[in-house]
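Consider the two complexes below, in which subunit A is the common component and subunit B and subunit C are the respective partners.
Entry: the complex of A and B
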């Protein structure tokens, strides 16, 4: 086993956007007993000597204009949770330790990434992108890795036998020993692990408690350490807050991106993909703006999700500045078998049609992408099923259709959406067993509503030539009764239209299609 | 001086009148008499084709449908962007278009339509794309032409006839008025004929060369 310990000592500052780089000194404090202790300080405060672990009063003496903020453990916890999900992309065994440390077993995943160096490089690249200060340690036992991270020991110690010589120079307080034990050991002149290891076990246990030899055994791999692997939440829902309201929707892309990255880690970790996600923008005194985004095809790809959300944000107008953002994956499904081409490396795969349609739909609106299927019905307006959105249902096939013709069941919701009337009202469609496929030429464009000929631009009866009529009589069973005579109408200016008149009102002519 | 001219002539965007070869790959139009005239024997791929028609219903779409159907080989898509009416699926299916790889994008503004068309062309997903636009500036057309050069698509732009007289970067420009089809501009010179007659047939349109037709130089505006 090879453990990678990632410690994020600066998390309290790093989880506050802009806090590290701002010019006013800022420190995060926490009440410990009756005193307030500094947990972390930003760059401006550190210059003036403010350090983690100082009492608040001492820090304020060092730096008069120091601003303090109370620690928000929930933010740090969320950040750690997100990091743990990310780490699950590199290893199946990830554990959290304390408030700020992640333990990742990378020994088993080395081969997947080629070799150890590449794996560590990939991890380092990801961490750099996150903007979180991190120290790392790599060793054959988890607690040694933790110790190396905390002490800033840069070596990789793969062999248990080598651990002993590498820890000798490290000071005791970097390890997991309780503070009072460390102090007591310091009292007898033992400050480093080297001195501690030279002392006899029994004496140590008798004078400082069993905890000391146990700690040494765990460190050197002679005693098993209990590591509780990360459990993954069943649903993904994360919230991000920030101190100032953001009104520009493109600036919101940054927090949205962070949430989407966490969501993508979650999806990879639990081997799922999402088809629908919800973004809720919280305002100070206004109900939340909620956006539901549907994807045509389920995806777990971070860049694709970001592209879809970016396209949606581009046309988003918020009623008010936004102070918090919640991302929820409302629909997920188990990941299909990997579809990535064996020889196409990640990042080089061309965009597929579904991704393109998702992106276009994100920008143009949910009803902008129209897809079509042909249904068997003589009435032209029912002959085509249009589906809005990039999602496409395959045609229902099967034996139940004849039965449906007589019994008129309401049908499943999918069929309803599928066969909805182009005008928008949802209506159950029947398959007519006597409909023979028509051979007559149909127009390329169909008007959404038949239009009286008088309203058609440059329409002139004197210049019109009609074809033989085609009678279409259908729909007596579903309240959309139609008895119409259809003609192809050629105008002398070259335009060919598809016109009809109702049998009941033979003098009212309508244009329904254009032979483009 | 000679070297300068040589280097100029080597540029992809410079062509000489009278040079009858296609600079881009082409796709057979499905109309024999038209193919005989067009450089490379068909509609240009990786370039914009502009069809200016006097009014809807002249067969402007039927003219392109055989090529659209062929452009959808290799699992590629056909996209319509901001068509004037809803495309009627049975007619498209009858023309050999696989509806599973066809979509219509409804756009409310010209900007949206241009954006969508550009994205679709650049993605390389589309075998063919048809875009309907009213007025748009030369800059937008230039962007479309550049996008068309990226993906190996048949890119067709439909505009009103009034725009036929305006400059456009499209590689092939066609004016359609009544049954008359006229090639206004063609990159890589034309053959003998530039005027055709569009005849309606039960299953689309057929294109016939007009008998009495003078040789038309590229760019020269006929009539």
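Entry: the complex of A and C
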């Protein structure tokens, strides 16, 4: 086992965007009892001597123009959670310790990354990218790793046997011993672990409590330590809050981005991909604004998710300023690793087309992007439909729900193809050999709803019917039974109409379509 | 040529084209007769399974039936064959047999070569597809059927009927064929369209909403009015149909069925041979001399048999039973055959009819005119030997099992219709459970309401309506339990033979009702587990006491047995084991055979008749206690009941 402990000493500052690097000194403080204690300070304040643990008043004397802000532990917690999820991408055993430390067991994942050095480099790159200050410690036991991290000990100690010699120089207060025990030991002149280890155990226990030998044993690996590994939640749902209402939706992209990064980590850790997201914007005096985003293809790609959300946010108008944002992954499925073609050129993979459509959908709205489907139905108004949502590039399944939509009288070349000849589908081989598919000419323009002839402009009966009636009787199963006789009718103005007459009362005439 | 057009429908499917036709033969014939058709051809899909029912319907309505079948060949040729004469019928049966035997159960496979040599006596109506494959089909048909080839034109108010008609007439002209109008009828009235769509969806294993173009575009494929047809087809085509119908003068009544010749030795006639066997048997049964009343019974029966010409039935069964006896297989005639003294003399039954008042008219009467139904039970473990004997003696060509038609019942209809209407599976299951097995379809609405469903909901209304129509429709053929058909000539020339589900079993396409109507010889070779029990009893008794009993020679009227029965100590006793019986017996206290058998019969569900009860009762007399080691017999031969062992041991 090889434990990596990551301590984030300035987490409170780092979770505020831009706080660390700003030129004005800033300190985060928290009320403890009657006093306010500094939790963290940014670089500008640290230069002037402000340290964590100082009383606010003392800090203000050191640095006159010190600004303070209240600690937002929910933010820190969210950040740690996000980090823990990220760490799950490197190891299956991750634990949180305290407010600011992450324990990652990397011994088992070493081979996956090649060797240890590469693994640590990858981790370092990631952390750098996140912009969080971090101190690391690497040891064979978790508590030793933590010790090294908090002491700033940069060495890697892999073997248990070597641990002893490396902890000798470390001061006691970096470890887990309670403060009063440390003070008591300091009172007898024991300030470092080296001295502590030389003392006899039995007397130590009697004098300072069993906790001391236990602590030493845990450090050196002689006693098992209890690590509670982090459990991945079943569903991803995270919430970010901020004190002032934000009205500009583009500014909301930043917290949204943070949430999406955490969501992406979660997806990787669970080996899942998502097809639907929900963003809920909370307002003070207004019910939440909720946006549901659907993805055409389930995705775990962080950049893709961010792009989709950005496209959506661009056209979002909020009724009121937003004070909190919740991200929830409503639909996930197991991750399906796409197989890659050896020679695919970038930008031409079908996933890219799918992602483009997702972004369009995100920009225009869930129901605004549709495609045509051809359904097999004898009734003309049901044989072409539009469907939105999933499956843009798959075969139409022709469920009865999809057939509900009427076609658009756009007369594009696409439509013409639909009507020239019903193509054989997978049912070809089951078809009754005695029923021949119709090879008739169908109109170029099909009305989405048949219109009574009386409402058709400039309709007249002057020319005779051209053909024997074509009888279509179908659709008894969904309350839209059509029993009609169809005729092709020429008009004096040269238009040819496809009209029909209902065979049941009241025998009305309707126009169904216009031939080109 | 009269002004009123005449028409005969030459292409019509009944519901024996399983899951394609949506009307029964009687419905089709009644409607055709109403419409004034000249004749109606029933042309099921490579099948004559429904032809006997069509024949009965034709007799009932007085409309002429034309026998035929439709085929789709693997090359794509589609044609209907109609029978002109008996030779044509034989050829048709052979073709259908060929096609059905070449494919697994429920399907057929025919190519053009399979028809060679079987073209006589048939009229072929080819359906062209207006593509390149028409010319070879027409030439092939010409070569095979000679002048009896016509081009069928089917118009159903499709999209461009006028163009199609013109093209088809031109095609007929170019090949010198006469065109004829045909209806491709799948149902008798337009209102059956929903059912026809439903069965199509069931057949394709999809829902009606998703069946798409597999459903017919309209409901025109029904028996249409002649004046409607006259607006669609030219007059010449309708007249052609009538001319063709006139040529087909074959009727099923003309079927030449002969009883197998092996039954009777060369020098004798069936009547003589039957008499001689009866006499011989009578002398064996009554060695002291035949009693007077028995003699008169024998004479009466023989006379009736000779009058109705049913000797072959008795002789066939006698032969099988004789074989079984020779192999020591226990067998017993059952049912009404026990009423016949002749059967007793021939050894078919083992019940002495002299001891009871038999009613021969239950078994065979000139009023009914139907052949006798002689059912024989054999030991179930050795029935296969008997079956093989029959196959060996008559050959597989001349004997085959009869079929049973499996029909839709209310529950199976609900299941299938619910599925194709797109109802979720668990709803369908709960509907099925809501309907009890014995409920009549009339209570469907009540039952559904009781279970919380609203039968007026549109989908349920449809379901109920379709279920009512679908009930009773045949689903598929299955093998009959033991009914054998035996004939003199090859069966395939009489009725088509197809594969059953069991390997190496073949069935004819007619079921037992059809066989009765056509008066074909059918013998029921059934299995009864109790006989195997009895045989083991006899073997044990023989081993223990060196007494050889047969069913007939068991001592009868044993008082101890009756005492046991009166105590209702009948666990394990065949026929009187049920609790109902056991509760009645102490009250009735049957003390002699007739009383007991009549009471026993009153409980029977109609399957087992009086005659059966006798041997079981009689066997119970062998009840000497004895200590034996064999597991079977220690139960067998204990104090009371010889047959406390169960059937399956």
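Details
As a working rule, the second predicted complex is superposed on the first by the 322 of 516 C-alpha atoms of A that agree within 3 Å, B and C clash if a C-alpha of one lies under 4 Å from a C-alpha of the other, contacts with A are read in each partner's own complex, and residues count from 1 in each chain.
Methods note: a contact is a pair of C-beta atoms (placed from the backbone, for glycine too) under 8 Å apart; a residue touches a chain by one contact, two chains touch by 3 or more.
Not measured: the values here are computed from a predicted model.
Legend: residue contacts after superposition of the two complexes on their common chain; A:279 is shown touching neither subunit B nor subunit C.
Of the two partner chains, neither subunit B nor subunit C is touched by A:264. Using the contact criterion defined above for the overlaid structures, shared-chain residue A:219 touches neither subunit B nor subunit C, since it reaches no partner. By the touch criterion defined above, A:374 reaches subunit B but does not reach subunit C.
On subunit A, the surface touched by subunit B in one complex and the surface touched by subunit C in the other have residues 422, 438, 441 in common. If you check the complex, the residues on subunit B that touch subunit A are 54-62, 65, 77, 83-94, 99-107, 112, 115-116, 119-120, 123-125, 177-179, 198, 200, 202-203.
Against subunit A, in their complex, subunit C makes its touches with residues 20, 72, 76, 78, 127, 129, 156-162, 184, 190, 193-194, 197, 200, 204, 206-220, 232, 421-422, 458, 462.
Residue ranges on subunit A touching subunit B, taken from their complex, read 350-353, 356-357, 359-360, 363-364, 367-374, 380, 383-384, 386, 390, 392, 422, 438, 441-448, 457-458, 490-491, 493-497, 513-516. Looking at the complex, you find that subunit A touches subunit C at residues 375-378, 398-400, 403, 422, 425, 427, 430-441, 467-474, 476-479, 483, 485-486.
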